[in-house]
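Letters are used for the chains, namely A, B, C, D, E and F, taken in the order the chains are written, and counting of residues starts over at 1 for each.
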């Protein structure tokens, strides 16, 4: 605890996502002073056509 | 901001989902008076066998 | 089903939020053709100081 | 209502997930005294490489 | 892991919520065979006026 | 986009939470190479009595 959920469109590389998991965990540990092993991070990916900004799907932007 | 997450079972067409992204964005803009570009909508789909009502998965209902 | 979760900063009026619940429900019914009673919408409010864009909390923007 | 979202790494069998949907529904009915048909449960699965504890993805643990 | 989030309207007693946390944890342990200490459950309460079914807020139903 | 939701028990200081918003934003920018202004972070706090690990609420641990 805490648990972090990242809602992101598909399309990043595995390396970028691995880096994100690591850096978000560090951010939580440094800010909240919790033990690293208590921090869970999940990346919930969504296809670009199922996610929009301004009503326009990301595969059309 | 705000961000809207729709938890739905798989099975709708892309056209239905595109319409949903557009109409939900309009609903937020009309209700909260925010700029359209600040509204993010994500459709988080779940296979019917991983989602239930009354304890019965949607692929068995 | 589906279930819609709106993550928003605090600060809108109850009337705005009631309108949002109604309009999002209509958007889902019109787009997915589901029965109105199957659509659940939740507004998860966050204090402005606990929500940020660009790393800056909304109470400082 | 209520709606339960389970964030889990991929890898369990369909039988395990069916059991989970059923048992969580029972837990909510017994605890909150609501009608079974009002309880929605969704299992949001994440690939092990997109989910971490302690900054280490579950496919490397 | 896994993490369970329960989206519920306000109004239940602390005893009901304590029972829910316990029973959902047991449901996950029995279904997924994970260690009890790895299961996190959060109840995200919403005021009845900010949550609706069929477009009607729960404080008006 | 992306949007990050942090599910945490109540109890941290505003300074800790401000630091968390900043550091998570930096983590996303550095990992995904997105513009800072596109990153939204929300801290969804839960009272300790409504959140558990191993079935035991955090106010009893």
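The working rule: contacts are C-beta pairs under 8 Å (C-beta built on N, C-alpha and C of every residue); 3 or more make two chains touch, one makes a residue touch a chain.
Please read these numbers as outputs of a predicted model, since none were measured by experiment.
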> By the touch rule set out at the top, what is the minimum number of steps from subunit B to subunit C?
Replying inline: 1
> Both subunit A and subunit D are touched by which chains?
Replying inline: B, E
> Is the C-beta contact count larger for A-B or for D-E?
Replying inline: D-E
> Looking at where subunit C touches subunit E, is over half of the residue numbers used by both copies, so same, or under half, so different?
Replying inline: different
>> Find the pair in B-F, A-F or A-D that has over half of its contact pairs, by residue number, in common with B-C.
In response: A-F
> Whole-Å distance, subunit B centre to subunit E centre, using C-alpha means?
Replying inline: 21
>> Counting only Cα atoms for the centres, state how far subunit C is from subunit D in Å.
In response: 23
> In subunit D, what residues contact two or more other chains?
Replying inline: 1, 3, 5, 7, 17, 26, 40, 42, 44, 51, 53
> Every pair of chains that touch: which are they?
Replying inline: A-B, A-D, A-E, A-F, B-C, B-D, B-F, C-D, C-E, C-F, D-E, E-F
>> Taking the touch rule as given, give the residues of subunit A at its contact with subunit F in the complex, in rising order.
In response: 1-9, 12, 16-17, 19-20, 23-24, 26-28, 30-33, 51, 53, 58
> For subunit D, which residues count as touching subunit A in their complex?
Replying inline: 7, 44, 46, 49-57
>> Taking the touch rule as given, give the residues of subunit B at its contact with subunit F in the complex, in rising order.
In response: 1, 3, 40, 42
> Once bound in the complex, which stretches of subunit D touch subunit B?
Replying inline: 3, 5, 14, 17-18, 21-22, 25-26, 36-37, 39-45
